[in-house]
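What follows is a set of structures to go through.
After this come two complexes, each holding chain A, first together with chain B and then together with chain C.
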Partner chain A sequence: MSFSAIVIQFLNGLAGTSSLFLVAAGLSLIFGVSRIVNFAHGSFYMVGIYLAYSLIEYFGRGSALGFWGAILLAGLGVGLIGIVVELVLLRRIYQAPELFQLLATFGLVLVIKDVALWIWGAEELFGPRAPGLRGGIEIMGRTLPEYDAILIVIGPVILGLLWLLLTRTRWGTLVRAATQDREMVGALGVNQAWLFTSVFALGAFLAGLGGALQIPREPANLLLDVTVIGDAFVVVVVGGMGSIPGAFLAAFIISQIKAFCIGIGTVEVFGASFAMSKFTLVAEFVVMAIVLVVRPWGLLGRPQAMPRHAGAAEERISLASRPLSMAAFAVLAILIVLPATADTYTLVLLVDIFVFALFAASLHLMMGPGGMVSFGHAAYFGLGAYGAGLLLLKAGLPMELALALSPLVGALGALIFGWFVVRLSGVYLAMLTLAFAQITWASVYQWDEFTGGSNGIVGVWPAEWLTSKTVFYFMTLLLCGASLWLIRRIIHAPFGYTLRAGRDSPLRADSIGIDLRRHQWIAFTIVGAFAGLAGGIFAFSKGSISPEGLAIPRSVDGLVMVLLGGVQTLTGPVVGAAVFTWLQDEVARQTEYWRALLGLTIIGLVLAFPQGIVGFVKARLPARLGGGL
Partner chain B sequence: MNDRKLALGLVAILAGGLATGAHAQDTIKIGELNSYKVFPAFLEPYKKGWELALEEANKAGGVLGRKIEIVSRDDNGNPGDAVRVAEELLNREKVAFLIGTFPSHVGLAVSDFAKQNKVLFIAAEPLTDKIVWQNGNRYTFRLRTSTFMQTAMLVPDAVKLKKKRWAVVYPNYEYGQSATAAFKELMKKQQPDIEFVTEQAPPLGKIEAGAVVQAIADAKPDAIFSSLFGPDLQKFVREGNTRGLFRNVAVFNLLAGEPEYLDPLRDEAPEGWYVTGYPWDQIKTPEHAKFVAAYQAKFKDYPRLGSVVGYAVVQSAVAAMKKAGSLDQEKLVEAMKGLSHETPFGNITYRALDHQSTMGAYVGRIAVKNGKGTMVDWYFADGAKFLPSDEEVRKMRPAN
Partner chain C sequence: MSVLKVQDLAKSFGGVRAVQGVSFTVEAGELLALIGPNGAGKTTCFNMLNGQLRPDQGEVELGGESIRGLAPREIWRKGVGRTFQITATFASMTVIENVQMALVSHDRRTLGLFARTAGLYRKEALSLLDLVGMADQSERPCGVLAYGDLKRVELAVALANGPRLLLMDEPTAGMAPQERIALMALTAEIVRARNIAVLFTEHDMDVVFAHADRIIVLNRGELIAEGAPEAVRANARVQQVYLGSGGHH
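For the complex of A and B:
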């Protein structure tokens, strides 16, 4: 690269920094103060672009006042949406177990997407260039768009304004205090409800503004929400939760790395040429993994104060009562006789439900008793699935053996990643699992010769004797049923008690001589094995495996299932998996706008069962009966 | 399960299917699955297309003396869900066979599912070459002009220009990779001194357009081959225009002339680009005029390329059933081999050799007229003329 090329790519990186920072700043506020994992942040951004587009069309494309007015109004409009969401939805579930709000915002993502489709249609809408800023600036014989120059300025200006707001106003002081210790702020007489609403509104406003500002660079389209949300979380976490300057620094690093990977172009490594731009697929996640391994609280973040439990303290877990065991046997008996009467598709759907029940239960073992939330659980599911597929097709193993080895592949991945992961805690731990999952995903996606790249692998069919749907159903029932029993057994074994001790009080666990990290590492590996088995069965039930098997949406599905069922219960993940899988299948047939319907259903369930479905039932049963649920 | 048992099972299933059919004696169900919510810009018009064709087929009396019904499902854009809904369509809805799919990996997974279950599958839209070649199978046929064919259609013009230094940009997944590989191979054959000076592979939907445009400009190419589409293409065009990348550089872009991708660019459509596409308002053949008139009358909207694909895939399905005279899978497959029928793009034939249809595409250059992008100097490229030799195809395709 010549010197002038370096300068221009640096400026490109700066424009990218501002764009990325604006997306992340709002999330950093919301995440830092309310600890809400707001999946809908990307949706707010998307709505910001769409609103700006419509407003600009309304004011007329040529007017500068109209253009900038539209951008500001779009931001305010999204802020207003944020207020409504906070008041109507989130405020009702602050008392729910940690992360439960994630489920509500997940429902919101689905609803907003379909509403946007309904209002703005399917075709991309590309806004105009900014009036008066249509051209480019000549720099050393190269051209930089004028609008990029403006963006380069806007980012730091907003950073400055936010910094002033947070450090020089009473509101900012309260927000910082709430970031440190919410309950103390409440105890000192500050109206928390109002504070949270205002933070959420400001966060949503910034998301909307960030979107609207992209209007000359980015067509409004319906995939923006998912495209943006991952980046936003990465920036917030790399920067350090709640640190706005940290978010800016993280955005700067990630954008510059991307710009220069693209600028370098093709490089020769050992005689093979590699397009460096391919690295941009996963750059932010590699950065995040490195940063979190080296600095467990992000670049400018500080160690988190021990979070006090927002919800009620978790109840003691007890063994299943006799009526409960009998109920479990009754369900099993029904499942055994079912193939005699059910149609083939019911069996297919049940196989899916069993697989996801195992997947969710393995995630729950880690999240619930293990106290380690994973945002990247799909990695082990996918590793198991790919492991099974590759062992069958590339290594030529018999199908039975390939399936039997799939848990090992999942466990191996978990063993390696787990060593790093258990060194962190809380959200940072969760985000490191996400980073590893994305790195695994990107490797699979890129490695055409071995994993089939973006197409994945086809022809992963079960052995002859398992081709019958009924036989496959029984095999799945056996494997998943046994695994679920084993997971329950682990929770009630001393190992499970040790994990819970470590979760509830790491310090005390340590002082009685428990090597917590080692236990967590073992738990992580076990969990990887179960997820791997679920993946292996899944691959053979579908005959193919593709990168979606280990992508973010699969991890999110797992979280949704666990939370829907109830994270503080043992049967919750199984019930959650069954309800979610069945809902998806059922709802998709009902209406063209099935996504909105699914989202509304989830929001309804969230409001009706803030402790999850099983948690709701459990609370209404006598303790003697409900304890083992 | 041995073959005899399998055969018996199949007979039983077919008998069951026929029995319910006879019992209902009302409609023939065709199973359709697609990623409606993931790629709505292409698939909403596609859906309108098949709705129109279905209506026309039923007005004409249906086939085999029965009306046709299409049971449509959303496959969520991923193979796992696609196979699940395919199971539902086959086992619960008892559809006669399957049509549809959009992304390559979903198409391939459903194609393999069709092979495993010995059921006909007409892949409407997936562009991947593998579905008829490396992963081709007896039960899968593909309608749309493939990646290789569309790339090959641009090559003659590219060779004529005698440009030496080429830059390549493509979305980083199978479609972009195959298009790039095919382009390089075909160009090297005809122009051995060609040089590829840079290669940019941004992630699908996440192009950093400014940096990519700058990197390409720095490589000082004489020409660019791109397979970007959708939002990536729009961002690339705008940045390229602002930064002056396209001055004195010839650009070839697959698919960019399709209304789905061209229309959002409005008056910024990049003039002079060589593209494949669909100049719907300029095609005057009677079969196309009839299609456009019917489409506009029904939907009060103009057709996109997706509309043509949706329309034609149902035409194929109907023609296959007519020719087979039965809903037996093996007879349907035999009927599909060499099946010819009319489409809005003229006559197409499903080649017996590799199950690829000879559907062509329009090749031309982009121009801006009345503030909108359109195609000029276009001609219709017959798909049959842009396929590798039979010899090469046989080498790529597995024996069955």
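For the complex of A and C:
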């Protein structure tokens, strides 16, 4: 790279910094004050860019006043949406377990996506360039778009304004106090409700503004929500949750890395050419993983006490009561005789349910007894799926062997990632699992030659004798059923108890000779194996694999299943998986806007059953029947 | 040989010198009380003895072998049981499961993936609970126990590995006065019968003078007195610390 190229890439990086900073600053503020990890923040950004597009169209593309007015109004509009969301939804769930809040905001992601689809359609929308700023600035023989120069200035200006707001106003003092110590604000007799609403509004405004400002640079599209939330998480974690200067620093670092990865282009390493531009997605999550491992509370953040796990720790586990075991056998019996009467469609749906029941149960083992919440469980599912597919197609192994090896692939990934993960706890641990999942996803997504990139792999068909849907159904029932039985054994075995011991009181566990990290690491690996098996079966049941199989939404699906069912019992995730998979299928058949319906269902369920469906039923059953549920 | 030998132990937190140059020994079958006003450094001392904190300087020997710098779990394996000032138990488990867990760990069976934990070491666990008077509550969840009962569970757990040394940080805190005396009498009886060395802290002087064989007094991180209960009671500096500073009791 020539010197002038370096300068231009640096300036590009600076322009990227501004919009990334705006989104991340809002997310960080909201997290700092309300401790809510707002998955919908990327959606706010997306709405911002769409609103800006429409407003500019409305005011006319030529007018500078119209352009800047539209951008500001778009930000304000999103701020208003933020207020509505806070008042109508979040306000009701501040007392709910942290993960339910996360779930609710994910429901929101789905709803907002479909509302945007309904209003703006599926096509990408290209905005105009900023009136009066269509030219470029000559720098050492290269051009920097004028608009980028403005963006470079806007970021630091907003940082300065936020800084003034936080340090020079009473409101800012309250926000900072709440970020450091929640109880203190309560003790000061401050009207918390008002504080939370205003912070949420400001956060949403910043995200909306960040999106709106991008309209001359990128088209508005429906994928922005998830891409942006990924980036924003990285920035918030790297900078330190709750820290605004940290968000700026991190946005700067991440944007520069991205700019330079793109700028460097293809490099030759030992004769092999290697496209650095393909490294952008992986790079940011690698940075996040490194920061989490070395300095979990971020570059400029402070260590924070986090609730370590979801749900009530006091929940006991017990062996199945007699009526319950009988019910389980009855269900099994029905599942065995069912293929005699059921149509293919039902069998295929049931295979999906079995696979996701196993996926959710493995996540439950980690979250419930293990006390480790994963935001990136899809990684091991995806590794199993891709592992099986690649072993079949690239290594030419027989299908049976490829499937048998899929748990090993999942376990191997979990073994490597787990070594780092178990060094952390709480939200930091969850974020690291997310980082690893995104690294895995990005590698798969961008490694066209090996994994088929965004197209995935096709032709992953089962062996001859398994092509019948009925036979495949029985194989899945057998594998998933046996795995669930094993997971149940593990939970009741000394190993499962040891995990719970470490979750309940790491201090006591350590002082009765338990090496908690080692047990957690092993648990992580075991869980990876089960998820890998689920992925392997899934690949063969569909005949193809795509990167969506290990993207963020798949991980969230797992969380939804576990939390909907109830985190503290194994029955929970199984019921959750069944209900969720069935709902998804049912709703998708009824309407184009199935995501919104699903999102609304999730939100409704969170509001109605903060303890999960099984927890809800259990609380209403006599103890004699509920035991072991 | 002394069960525990502590030499010149010290620990600072930033500028706070929590423990400075403390030395003492505990013999088998002996109950040694470590007393001192709030913030004297007692808990910090305990945390260095069981490995939770790394001493800045000094030596800790268990039966002549250095245990300095080992992790709590390693020190536990060498026969040191610990109870905490703020009780630490497994809230999602029953009383008996808490004790079973310690026994399972003692036999290094925590990696077992198939056995049913509920059936393991039940008899041993019950007899330990019987010892501390908790057998009748063995099936209750630990999360709902009264504080005094939690302290008893902790004692049973601490006894599960057949320890040579018990470290008990305020074993009777949060109990009614009658109950305190009873629990310490029980503890004394158990440890004498098993020849276990005990180091305990206690703010209730009645309990201390009723059961301690020897007392050491800590003030602002420094040992200021050591000896038989009567001698310590009569010690002028101790009286000054306890009366003059308006400290506890």
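Going forward, the second predicted complex is superposed on the first by the 595 of 629 C-alpha atoms of A that agree within 3 Å, B and C clash if a C-alpha of one lies under 4 Å from a C-alpha of the other, contacts with A are read in each partner's own complex, and residues count from 1 in each chain.
FYI, a residue touches a chain if its C-beta (ideal position, glycine included) is under 8 Å from a C-beta of that chain, and two chains touch if they have at least 3 such contacts.
Nothing here was measured: the structure is a model prediction, and the numbers come from that model.
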| said: Under the superposition described at the top, does placing chain B and chain C together on chain A give a clash or a fit? | reply: fit
| request: Using the touch definition from the top, say if A:454 reaches chain B (first), chain C (second), both or neither. | output: first
| request: Kindly classify A:512 by the partners it touches after superposition: chain B alone (first), chain C alone (second), both, or neither? | output: second
| field | Superposition-derived comparison: chain B or chain C, residues of chain A touched | value | B
| task | Taking the C-alpha centre of chain A as the vertex, compute the angle to the C-alpha centres of chain B and chain C, in steps of 10 degrees. | result | 160
| task | Return first, second, both or neither, reflecting whether A:219 touches chain B, chain C, both chains, or no partner chain. | result | first
| task | Pick one for A:400: touches chain B only (first), chain C only (second), both, or neither. | result | neither
| message | Quick one: is A:588 in contact with chain B, with chain C, with both, or with neither? Answer first, second, both or neither. | response | first
| message | Taking the superposition on A as described, I'd like to know which of chain B and chain C A:57 touches: first, second, both or neither. | response | neither
| task | Identify the partner contact of A:465: answer first if only chain B is touched, second if only chain C is, both if each is, neither if none is. | result | first
| task | Please provide the least distance in Å between a C-alpha atom of chain B and a C-alpha atom of chain C in the combined superposition. | result | 33
| task | Would you tell me which residues of chain A are touching chain C in their complex? | result | 313-317, 319, 489-490, 492-498, 500-501, 503-505, 507-515, 519, 522
| request: Would you mind writing out the residues of chain A in touch with chain B in their complex? | output: 1-2, 5, 8-9, 12-13, 15-16, 113, 117, 122-126, 129, 134-136, 142-145, 148, 216-219, 221-223, 227, 258-259, 262-266, 273, 275, 277-278, 280-281, 343-345, 348-349, 352, 445-446, 448, 453-456, 458-459, 461, 464-465, 467-469, 538, 542-549, 585, 588-589, 592, 594-595
| message | Quick check: in the complex, which residue numbers of chain C touch chain A? | response | 50, 52, 71-73, 76-77, 82, 84, 88-94, 97, 100-102, 104-106, 109-118, 120, 141, 143-144, 157, 160-161
| remark: Note: in the complex, chain B contacts chain A through residues 1, 36-38, 40-41, 43-44, 73-74, 76, 78-80, 83-85, 87-88, 91-92, 104-105, 108-109, 111-113, 116, 128, 130, 135, 172-174, 177, 198-203, 205-206, 208-212, 214-215, 217-219, 230-231, 234-235, 238-239, 242-244, 260, 263-266, 268
